[in-house]
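Each of the next two complexes has chain A plus one other chain: chain B in the first, chain C in the second.
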Partner chain A sequence: MRAPTWNVPTRRVPACPYCHTRTPAKAYLRQCASRCGETAIEFPVSAARKGECPHGRAPMARRVCPACGQAVPREYVEGHPKVVVVVGAEGSGKSTWLASVIRRVAKGHLDDRFPGMSLDVLGEKSRLRHERDRVLVAETVLHRTTGPEPLLVSLRVRPRARAVVIAFHDSADGTAESLAHADGLVLAVEPRTMPGDAGIARLADAVRAARGLRPDHRISLPLAVVLTKLDTVWDMLDPGSPLLRTVPRTAGYAVSDGVDVHHETAAWLGRWGKADLIRGAHTAFRRHRCFAATALGDRADGRREPVPYRVEDPLLWLLAEFGALPTFRGAERTSS
Partner chain B sequence: MAETDLPGLREADVRAYLDEVITPVETGWAPHRNLFRVYRLPADCTADEVDSALTSIPALWGTTELREHTRAVERLRRGHPIAARTLGDPRERSVHRTAVAAERTALAKVVDQFLRSAPGMPAAAVTALVRQSAGRWSRPDVLAALEQHRAVEREPTSLDIPPDTPQSRRITDALADLGIPSLWEYLTRNLSSAGPDVHADALRRRRVHLRTRRGAGVEAEVTVLKIVEQALEEPEGLSQLLRHEFLTELSVAVLLGYQEVSFLAAAEPQRSVASGLPRDPDTLAYAVWCRRTHRSDWESDYRQAVADGRLHAALGVLSSRQLTGDWERVRDALAATVDRLAADLTAARELEDTAPEDAAARYLAAGRELTDPAITSGLHRCPAMAPAEVSAQVHHDAIVVTWQESTSTAGRLTYRVSRGGTVIADDTDALALSDVPPFGVPTSYTVQTLRNGVPGGTAHSGEVVLAPEVLDLVVESTMLSVHGRWRLPPGAVGASVTRIAPSGDTAEITTLDGTGFDDTAVLPGVQYRYLVRARYPGRAGEPEDSAGLTVHGECPGNPRQVDDLRAGLSGDTVELTWTRQSGTPLVIRVPHDGVAPAPQVLRAADAVVAGRVVAVSDTGRASVPLSDLAGQRVLVPVSVSGPLAAIGPATRVTPPLEPVSGLHARRFGPQVVLTWQWPMWATDVRVVWRLDGPPSGPLDPQATAFEISRSAYAGRGARITATLPGEHWFGVSVVDSGRFGPMVTVCSTRLREVRYSVRRAAWWRRGELLVTVHGPEPAPDIAVVAKSGSRPLTPEDGVEVLRLPALGPSEPVRFRVPRHLRRPVFLRAFSLDETVALTHPAPHLLVVP
Partner chain C sequence: MIAQLFLFLLLGAVVLVVSGPVLAAAVALSLTLALVAVTREALDCLADRASTEHLALDTLPDPADRRYLSGPALRDHRRLGVACFVALHQRMSTQLDESFAGNGLRRVRPIRESQVITRSPAVPFLAIAARTGFAMGYTIALVLLATTWSVQLVFLTAVAVGFRLLAGALWLFESFSLALRGITTECPRCHARLARPVFVCPCGREHHALIPGAQGAFLRTCRCGRRLPTLLIAGKSGLSPRCGRCDASLPSATQTMPTRHVPVVGGTGAGKSVFLHTAVARMRSDHDAVPADPFTEGRLAETGALLADGRFPPRTPVSQPVSHTLQVRNRLLHLYDAAGEIVQDADRIADSAFLALSDGVVLVVDPLALPAVRARADPDVLAGTRSSGIDPKTVLDLLTETLTEHHTATPRRIAVVVTKGDTLPYSIHPYANRPPDRPAAVRAWLITHGHADLVHSAEHHFSHVHYFVVTYLSTSTNSHDDPAAPIHWLLTGTTR
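And now, the complex of A and B:
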């Protein structure tokens, strides 16, 4: 096994997850706690003396964006937030995939590969949305429209590792602001839909327009093309297909398994009339990878709990691309 | 009228002179009272004007228009010398001017008293005033005085004034009881939000609302509603009631002056409309004012008399006056009616002895048109028959009085019910009522028939005693005695208790101050009946007892075990049956660990050793939802008696063991996920599996096994790691307390994995690739397939570039990718043996750029 490769994250001015205004961390505002009563005010972070508000009391931990007035979690402002934009056609399973992967990591289902990996949902709005999506995944498979608010999470790969703060923006097309500040893209594709490019050309144009790039510029953002609802096409797969293989138990991202899945998924997408999607992703995005996953699993037998499969692969690849996760060239397979 | 000096009179002036001078003089006005008017002079006239008038006016008297008024002209001529002297002398003229002004002032005061702020006077009033002045004032004087008060001669609008009827008087009385000043206010306040639009529905709703209430106010309001309902059924009925009421109020206001009438008329315009009166308040006020102030009232006297049924009086009003043609016809018709009614009364008087019912009917018929004391006295002489029978019976805590209908037929028959000297119902048309007399006292009832309110015959009931039972009677048992407690009803002085044993033996039990007993002379396990009767003082020292209440009491003995508890399944419910024990409820308990305690008698507080309670019943049967058992199957009967409990033999629920359905195995590499549908009763299954053959049963010694609960299956599913290649057989059977249901099997094949690799050949063999099959196991037939752009998914999905036989060389085999395939080219090796799967350790090397 090769030694893992690490990318050192570079500090930059974080953009507000709500209004996307880039504001230095010290320019964010803090709020007096409720104990200050009617005299409570908002004051710049730099105005805090010994961590206290002007009334000499401990202020609230959260920050307030000076541009839009929205409360932003402290971890987001002081950390190295990554913006991941999840796009895809309506009903393609974006929100379900996102809720499933968050739930899977938060409940410790990846402990066998990543001992001590933890995930916290940041901020009241994100917690409300996570709770709603959790119910969405656990109780029903009906899709519904989600709001424009991002989902903020703090993820630690190991117990004492630096937390990676990620803002997931989940929308059908992706707003120009979120695409302009995105660090990674996830494109959800549903199997057996109408042939075409699944919106990859429109997505590439939107990213280029948001970032002011030339029309023929190859975008350097990592793009994960996720083939969702894999359980609906299980019966078509060969028993030896990598899509039905056990996920390798490596403490990082297994490149060989990822490439295997990528080639297999791309081949199936091409067979289902989505060669334009593969071609468009290859042409427009310098870094892209295909994944296949199911967030709910086959629940026809009446089980209450969903049985997700390989939903975490896109997130692990993005983390590896962000430099927050080690990568392994080979695959560690379980012994047969 | 201003006096002007007009030497020559035109035709219009002649007519004015006729109105102002000639006509008043003809009707008695003395010309010397105002010589300025006779000679058409201003009050401040000069001597020349006087001389001219004294010449020209007498010449006027000789004109054709005035000459025919001989009497007036002669009177003027006779007074001319005195007039010439008076007017010709400045001093006398001044004195005369002062006298004329004083007359004007006096007349103005008189007119002011008549007007009392009214805007005018009718012509008849003006004429009457002139007539009453006996020549002191003339009509022009009065008109001038009116003008001075800014009033005019004006005729009032005629009003249709309804007479005062019995309905209007009753409604006035009822409204007085309610404390509401007028029917209009009652209607607008209680029945309608928009004034006069009163509907029968609103009346019905109000009556329904009042049906649940009692009191004098309610009765008065019911009376109002009845009259309004009757009025609504007649055309303009309600309007007449409102008009009479409004005009009465306005007439009373006349006493306070015209301003009060005008204010009242203008206060509620909707009321005027609803009453059928003029909408203009000034017109209405003036009409009422003139009617009360300036009009003779014989017409209203006549109408009132007719409305009251006083036909003789009405006829007297008409007969005492000089009538016009229409009124004469009215008088004649009225006289005929009076004669007819007098004949009817005479005939009724003659029938009183022979046919009293017919006589009463005739009296009543006449009474509908005529009010006459002879009718009332006649009805008293023909009383209605008494009810045939009156009965009084005790029903619960009241006495129900019933009677049979009177045999009389004439008139409206009602009844008056009285207890002793107390009338408890009057003028009721019901044939039964309930009453609560004093408790424990013999009481009888009297029912009297009323014919149109005139008392008739009476009937009496027998004596009856109302003796309510004791209240809140409860009986409690201890191990040695039975205690009873109750409350005495009002009027009771004590109670008596009788104990009745199952054998029929009776015994009187002493009561504690009349509100309870403690019976210690009882045997445990024997159920006694206790008859408790309330005691009342009665009459003449003889106490009266109530019928009595019966309760059961029993001192508990040792509890008896229930040894025949049976359990059966019915859908999702466990049906339990056992032999019922009187007075002892059975508690069904479920042991927590499924182990039932041995049958025994123990303290009731220790019965918890038998588990938690799932049902309590004393009927010999109970139903328990299966979900309440929480997976347990053992049920323990516990009978409780006092401080002791008896645990009986437990019974067991035996649900049917059915096979699972829809068993399916899905393989993810070495892992197999089993799915199935659970039978209704199943809570656990046993999963067994083995290689190369189905398990022989749930206890197959060669199979691997584990048990999984329903909740665990719902949570994480059933996952099994079966890594060895070959056919894995899985069996699933429902398990319940060591019993197994039918086993269902399914097979999942694990392919044998063979690794292969593809790498570049040495640099001098440009473009060649090497494929190698690894592993100790024999390799299958292998086909290497190449495809442009994407990975081949099947052996047919591309170009086969190499085929290796099954027993081929284990050394690397060289092959070359055809040049015509567009790069990148994806390679993949397929096993032609379906039991073998090929894997590549580094798939990115399978791409030829």
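And now, the complex of A and C:
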């Protein structure tokens, strides 16, 4: 078995998740607390002496982007955040997939594979969105329009592991700014929709335009094509399909299982008239993989709460691509 | 020719014999006059009625004068030196230019008109001798004065430097001893981290920097005349300490023992106030803790009276909390009962400076706020109990994010305290099976009831996590942890 590969993250100035302005960590602004009264001011982080404001008091425990004035958590500013853009047609289930995977990881449902894995939602806006998503996912899944704010999370794969900070940007087409700073892409595709390329050509053009690439350039960003709402096509699947196979209990990303799922999903997408999607992904993206998932539940009908199935696979693959998760080829390694 | 030469030699001898005493007398006279002038000037400078403005004794902000040897002595010495040199110079110039050392003899008529004087060739020699004598006398006086002044300067500089070094060494000694013992000063009301408290003289004057320094190495004299110790070992702790920022009274034990700050956080209605009171009451009954200020004693008495009547304390005011300050063994413990609204609201918690002081955290978890527990709880209990409506993980997220934003190091310990243990049915109580490892049982209980996120997140952010189940009731069907155990664990690492 090959040893897990760990990439060293490159240092760079992270972009503000709200306005996408790259600002050095020391140039973010802190604010005087209410105790300073009318003399309260904003001052750069570098101007704080011993963590105190110019008046010698403890400042507000937050820092704001000097460009847009939004509060950006310190863990995001000083970490090495990854930007994942989730795109897909309206109603394709991208927000539901995102809410489901976040809840699944946060609630410790992957404890059997990743003991001690935890997820913290960062920032007040992300917390509000997470709370809203939690209610939606836990009780019922409703179609709704997602706001432009990103979802900031801090993910620790193992106890005491270094946190991987991820900003999920969730929109129909992906804004040019978010695509310009993206480290990974997720394309949500609904089964049995109109034949076509599911917007892969438009996405590739948008990424190339945002990053200033040539029209024929193969994009190096990892792309996860997620076939959502798998529960609606359970009956069509063969019992021996890799999509119905038990998820391997590896303490990392199982490449063999991922490849099987990729080929099976690609075959189904081709059968449903989305060969252009597969071809487009292969042509435009150097690294891409297909996944199939459902946030509503597996075949165990009658449950009160939805039991998501394989929703975490795209995230685990992206984490492996980021170098934050070990990959295993062939034989499984169960977590200890 | 030979005779003439002889006469000239004789005259020269006579001149020398006569001018020698004249020279000596002039030297003695000028020296005496110079010393008299210098002494008179020095006495004027050092007299009681002399001005002391040049000493700048009261330029420091605290209501106490500088010690004379800490620096004013040098200013006094410089002024004295300048005055003496000026007096000497004036005396010398006056006498050399206009006194009898020059044309003075010629002003006396009998002398001026005397044939002996006018015709005597020895007179100019005598005048030169006298003038030279005066010059020598004043020069000797000047050298004596300069030497004396320089020796005094060296001596006084050594004394002043020694005084400053002594004061600095004493200040360093006190600072290092405080640092070594982990003693810091924070205000329980405004939550400011203070360099030192303000000490109040019995006369009411506030001394903001009562430390060894220019105003006194061991003692300083207040404007009221009372001598105040500058060192803790000299009895400084007997004075009333106050906060220099908000003027609040500090506990009398300030700077005598290490301080520990423990915020008790949780959602609204999670049972923070009741837990805090129960824990403190248990510590007091075990003679482990005593209130460190009257304010804490009053609040504890108030809450105790309510609980004794079977009533719960009212909602904690939504304002920055004033700590319950206790003297626990050899520590000064500040317990912060923060209103749930503060730790649930991003703006309020960001404005909470008390979290920056945290040495450990008590996270209060209301079991009735957990959906899986609520589903199996007795409806009567649910109806009769005020439960928290906030997910404890949300509180933990806000807490850890706020602690990360602060400049100070994140505390290493967190006590996760499940309150209201008496409301849990026996079947779902964490200690129902009398587990040998109680913290592990509570941890597993939280995971089983859908809060693995809380457990994992707490264990990621804090080096040491301990789990407890408590109740405010003294008797209960199920066994519970000692309410004081979380506090003991945060302070000492053991539950006893």
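Note that the second predicted complex is superposed on the first by the 325 of 336 C-alpha atoms of A that agree within 3 Å, B and C clash if a C-alpha of one lies under 4 Å from a C-alpha of the other, contacts with A are read in each partner's own complex, and residues count from 1 in each chain.
One rule holds for everything that comes next: a contact is a pair of C-beta atoms (placed from the backbone, for glycine too) under 8 Å apart; a residue touches a chain by one contact, two chains touch by 3 or more.
Since we're looking at a predicted model, the values are computed, not measured.
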Practice task
Check the residue A:209 against both partner chains and state whether it touches chain B (first), chain C (second), both, or neither.
Solution key: neither
Exercise for the section: Considering only the touch criterion stated at the top, classify A:118 as touching first (chain B), second (chain C), both, or neither. Expected result: second
Exercise for the section: Check the residue A:307 against both partner chains and state whether it touches chain B (first), chain C (second), both, or neither. Expected result: first
Exercise for the section: With the two complexes superposed on chain A, say which partner A:47 touches: chain B (first), chain C (second), both, or neither. Expected result: neither
Practice task
In the overlay, answer first, second, both or neither for which of chain B and chain C A:13 touches.
Solution key: neither
Practice task
Considering only touches as defined above, state whether A:176 meets chain B (first), chain C (second), both or neither.
Solution key: neither
Exercise for the section: Name the contact category of A:244: first (chain B only), second (chain C only), both, or neither. Expected result: first
Practice task
Figure out whether A:271 sits in contact with chain B (first) or chain C (second), or with both, or with neither.
Solution key: first
Practice task
Answer with first, second, both or neither: which of chain B and chain C does A:127 touch in the superposed model?
Solution key: second
Problem - Of all residues in chain A, those that touch chain C in their complex - result: 33-35, 48, 50-52, 57-58, 60-63, 71, 73-75, 106-108, 111, 116-124, 127, 131, 156, 159-160, 163
Fill in the blank from the handout: Residue set of chain B touching chain A in the complex reads 662, 664, 666-671, 673, 675-678, 713-717, 723-725, 749, 751, 753, 789-794, 826, 831, 837-844, 846-847
Handout entry: Of all residues in chain A, those that touch chain B in their complex
Key = 234, 238-240, 242, 244-246, 255-256, 259-260, 263-264, 266-268, 270-271, 275, 278, 298, 300-305, 307, 309, 329-331, 334-336
Handout entry: Parts of chain C lying in touch with chain A, wherever the complex brings them together
Key = 190-193, 245, 346, 349-353, 355-356, 391, 393-394, 397-398, 400-408, 447, 450, 452-453, 455-457, 459-460
